[in-house]
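Once you scroll down, you'll see the structures, which are given as structure tokens.
First chain A sits with chain B, and in the next complex the same chain sits with chain C.
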Partner chain A sequence: MESYNELPGIHSHISKIAAQPTSADDLHKIISYAGIDCRVRLFAILAATLPSFLLKSEITLLIMAVFVVVWLCVLRQIRTAIIFTVIYAAFYLLQRINVTDMAIGSILMVLSIFRRFMLTAFIAMPLGKAPTGVLISSLSKMHVPRQVTIALAVMFRFMPTVAEEYNAIRSSQKFRGIGISGWGLLRHPVRSYETILVPLLIRTTKIADELSASAILRGASVEGEVSSFRTVRLTHADCICLIIIAILSAGLLALDLLWR
Partner chain B sequence: MNKEKKWIGFKEIVLIALLTVLGIVIQLVISMPFAAVPHLMMFIAVAIIMVVCGPIYVLMLNKSRRLGTVFLFGGLQALYYVIIGQAFIAVTYLLFGIIGECIMLGDGYANPKRIGLSYILYSACYILGSYLPYIFLADQYIENMSAMGMSEQSINAMMNLYTPFTILLAVISSCIFASIGAYVGYRMMKKHFNPAGVM
Partner chain C sequence: MIKLSGITFRYAGAAHESESLKDINLTVNAGECILLTGKSGCGKTTLTRVLNGLCPKFYEGELSGEYLLAGNDTNELPVNEIGRTVGSVFQDPRSQFFCTNTTDEIVFSMESHAYSQADMTRRLESLWEILPIQHLLERRIFNLSSGEKQKIAIASVCAAEPKVLILDEPSANLDADATEQLAALLERLKRRGHTIIISEHRIHYLMNIVDRMLVLDNGRIYREYTKEEAVGLAENELLQLGLRKLIQPRFIPLAPAKPGIMPAAISEKIYLQKGNSQILQGLDMRVFAGEITAITGSNGAGKTTICKVLTGVEKENSGTVCYGGTILKPKERIRNSYLVQQDTDYQLYAATVMQELLIGLKETPDIRKQACMYLEKLNLTEFRDRHPASLSGGQKQRVLIAAALLRNRQLIVLDEPTSGLDGMHMRLTAELLSSMAADGKTIILITHDMELIDSCVTRIYHVGEGKIANEYRIH
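Right after this comes the complex of A and B.
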């Protein structure tokens, strides 16, 4: 350590890195993974699927939208909650317009269907935000087959990677003068197909190879229950949350029957 | 040992999951500009999707020639549709997974014709799953639309878009484009994937 003292810049940098994980407060934050258990999040998706499909009256759908906002706020995903509110309100207001024209009407009908599916999609979002280790561990506690668990964990993480890979390929092809503008891509569909989609596919298979190799090396293919670095257990709060979700889902369906 | 090798393993699962996600993202991106106009969506967007996703399907089945590949592919798609709240299409995809796996029994994974056939089945399930609800749940949609304040005339005109006949036409067109997609997939295999050493 003495040698570093002569170089204050490096020393302070190293001590900063070293200080981060050893601070008891931070370590506590990492280990005690705050938030609702993944099993409850999964149950919320299942509980939301039925009402989003069966509800008929506008009022109950609105109440459900409020539940979605509350659910996102409880999980401290304020940004997602705001995005949901803005999109939902915009669609709702658009449908208040009185239309007689058929073309606009068909667009509005697609919107109304989309508005239904938005409800479950946004309830599902917190599951994707959970740390992968926690997700795998809690699913394995539910005795979900290993094949499904791994596929799920990989899928949630890969969505952003697709966009990254696409951007990397696009920028390197632009450098070669291929598809500099979006219009250029559409004008030569076969060429853009071969220069963008094929590399994307090859990259994906390479990523799959690397990912499975590194996961197997870490023992991911070993049978048995998976534990997580962060503590995974159903707390009392989780159980209460589970019951509340079940009651709300059943209540929505009952209300809908009453107000029909 | 021999028996274990017949079923998909860890490596295949990761590959299938990633390619399924890629397929879903591509489907989303392609269908977005067409979403507003039902006829364009039914015929043109689905045709483009089927041709573009053909190579993904062919590559996946050729790289993982083991039992369970098609079922996992169908199951993961079904799971995605359950999460975004379209339960009906999820059911058809599960059915596709089971029937498709039956098509592949024996030496199916080495047989281009059977792979093409299962891809055509997939495209048919895609159309049936997305448009049959308009027939089964017609009352619900009509109720919704009249709640929106649309006149009876325009509602009727709109529901006439989704007759069994148009859906049958859409199934046929998507099957044709799916076979083109599978053919393109094999062309791409010969031209790009094999030389690149992906297989």
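Right after this comes the complex of A and C.
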């Protein structure tokens, strides 16, 4: 039973209100964290990188896309899995269209590269969804330097914040009659850069500054061992998962060679 | 516990002779509660940063004088060691969260210092005794209300049981109930033996807890009062010090009466749903030209959403909004209103204050002349060529108001315009708003600031359950 609900969004937020931990037993439930270990999640990213760049045939790429969906479902990120499927399918279908126009053709080329990146990017998602404490402690068990661990944790923490700030900037710009449409963004790239990126940078720099000040005071820069409130260990299930991922990755590469 | 002697601090890059702190001498005994107050920019935030070691170890600068913490010279301690003794809760809890999940946030400092699981559990259970927030565990930090964020921020610092606790304007984003809860929590922490140092503008809720009140001015400790002396300060003395009042005005419910005049804006039967939660449930509201209407209500009651719908940033699911008798679509409302949001940083885009006013407008000599006039009116003329980001919080807010006036917007909405302002600046804002209302503008304030309401507001709407629950007047 996974105690940490990984479905993002309001739905899980609401459902969590009903299932809130209240007693010592519930603290125990949090401690006995049973998500797939972060080291497996990290390994999945590494194992995906090679095939996502080397695969030549369309069939093996499609098989890999199916693996991505399965991986996201195993980690209970159904919403992310659906988003991936929709975008990937859309890009795939776009590329089926026969075009003679050079400009559109080159855009489609970029799309096909983007489609490869998507594979790895979505396999990486579950690492960011892991509880921050678990992420830090499993990486430190692998002797990853503290600076790298903290940077990674901050990065995952920051993505929603940047999105929040971006939306706030865009909505407040409407009152001045600037940057209302997406088309306007493309037509005046320099002005958009100034009016969106500059305040975004000012805001995020300020938040990053305070965030690091508070993290340092709470010991983020302490070298040496860290502990984790949730139990972090490689279980048998994790090891089996690791082996399956390795086999799938190698299998994809082999199939690709065979069918070339 | 804490002994500061001759502490002087100047931020790196600041001009000579512009020290943020000058010759601070202060002894704080274990278990004492000290209140730091004074005008904006008086140096109280810098003093808290010296106390937790961030100045000069994080924010670089020149520090002279001696700071002894529990008998140790802090020059020889790394900043995280100081952090273990001195826990800090920052002004904006949103930006101090390191983790995406509340549980992880609370145990973060204990994990960093490699406490065992059993140890962490024990400390958490003892934390629940003074701060029972078990129900907030395992939530995403982004979905919490301001009051809940504040509790998580305090819990994440208190879990590691630091001897000294520093809080920088902890009530800035809290409603009246949450502020009372904060006061009760601080009292429990004090009884538990923590030494507490609070930097704050709103001082009324702290008077039962503090032992001493220090008023800072221009980087120096200007006055020092014992609790008894502080409570006995007369209103004009507080005014002179630029402080806020010690007693909050009270409100009594008002029987809703239909005024004879035509409302400037009406919203009728507005419903709005976000995800699974119904935010607005049949909101009916009338605001009037020449009046300042305050919208109050607890954190998360939907005050900001109401104003976003009124100004057209958010679309209602059903219902209508009229300006001056005509039903307007959200897009049309945006062009006829202005929403000044709480955080000014993301609302300023241009390279100078002058351009900031003109951005998005067709530049004509006439418009330029008007812009100059509004700059003059809002005391901004001397800053016309400065970068908006280099201004103070109050000045930035005035730039936004000037931009709204230049666009001749009838309805101007301000979200918490005085959170974090000292008494003097709060009163200046109140005067400005009153003069705008006198010019016939319709002004709406979302605010928890009872003093602001007391000094300029003409109508108070209390929001509850997604609609106007009550109308109040000041007692």
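Everything that follows uses one rule, which is that the second predicted complex is superposed on the first by the 190 of 260 C-alpha atoms of A that agree within 3 Å, B and C clash if a C-alpha of one lies under 4 Å from a C-alpha of the other, contacts with A are read in each partner's own complex, and residues count from 1 in each chain.
Everything below uses one rule, namely that contacts are C-beta pairs under 8 Å (C-beta built on N, C-alpha and C of every residue); 3 or more make two chains touch, one makes a residue touch a chain.
A quick note: this is a predicted structure, and the numbers were derived from the prediction, not measured.
Participant: Which holds for A:218: it touches chain B only (first), chain C only (second), both, or neither?
Facilitator: Only chain C is touched by A:218; chain B is not.
Participant: Just checking: does A:95 make contact with chain B only, chain C only, both, or neither of them? Give me first, second, both or neither.
Facilitator: After superposing on A, A:95 lies in contact with chain B but is clear of chain C.
Participant: Classify the contacts of A:63 with the two partner chains as first (chain B alone), second (chain C alone), both, or neither.
Facilitator: Touch partners of A:63: none, neither chain B nor chain C.
Participant: Just chain B (first), just chain C (second), both, or neither: which does A:108 touch?
Facilitator: The answer is first: A:108 touches chain B but not chain C.
Participant: May I ask you to decide whether A:253 touches chain B, chain C, both, or neither, giving the answer as first, second, both or neither?
Facilitator: Touch status of A:253: no partner.
Participant: Between chain B (first) and chain C (second), which, if any, makes contact with A:227: first, second, both or neither?
Facilitator: So A:227 only meets chain C here.
Participant: Based on the superposed arrangement, let me know which partner A:174 touches: chain B (first), chain C (second), both, or neither?
Facilitator: It touches chain C, and chain B stays clear.
Participant: Determine, under the contact definition given at the top, whether A:48 touches first (chain B), second (chain C), both, or neither.
Facilitator: In the superposition, A:48 contacts chain B only.
Participant: Quick check for you: in the superposed arrangement, does A:160 touch first (chain B), second (chain C), both or neither?
Facilitator: second
Participant: Do chain B and chain C land on any of the same chain A residues, and which?
Facilitator: 154, 194, 198, 200, 202, 206-207, 211-212, 215-216, 220-221.
Participant: Could you list, by residue number, the parts of chain B that touch chain A in their complex?
Facilitator: So the residues of chain B touching chain A come out as 8-11, 13-22, 25-26, 35-38, 52, 55-56, 59, 63, 68, 72, 75-76, 79-80, 82-87, 140-141, 143-145, 147-151, 154-155, 157-158, 161, 188, 192-193, 196, 198.
Participant: Chain C touches which residues of chain A in the complex?
Facilitator: 3-5, 8-11, 13-14, 16, 20-24, 26-27, 30-31, 131-134, 136-137, 153-154, 156-157, 160, 164-165, 168-169, 171-178, 194-196, 198-200, 202-203, 206-207, 210-222, 224-229, 231
Participant: What residues on chain C touch chain A, complex-wise?
Facilitator: Where chain C meets chain A, its residues are 52-54, 58-59, 79-80, 82-84, 86-88, 90, 92, 94-101, 103-105, 107-117, 120-121, 124-125, 134-135, 137-140, 142-143, 156-157, 160, 274-277, 308, 311, 313, 334-335, 337-339, 341, 343, 345-351, 359-361, 389, 403-404, 407, 409.
Participant: Where on chain A does chain B make contact in their complex?
Facilitator: Answer in residue numbers: 45, 48-49, 52-53, 56, 58, 95-96, 98-103, 105-110, 112-114, 116-117, 119-121, 124, 147-148, 150-152, 154-155, 158-159, 162-163, 193-194, 197-198, 200-202, 204-209, 211-212, 215-216, 220-221.
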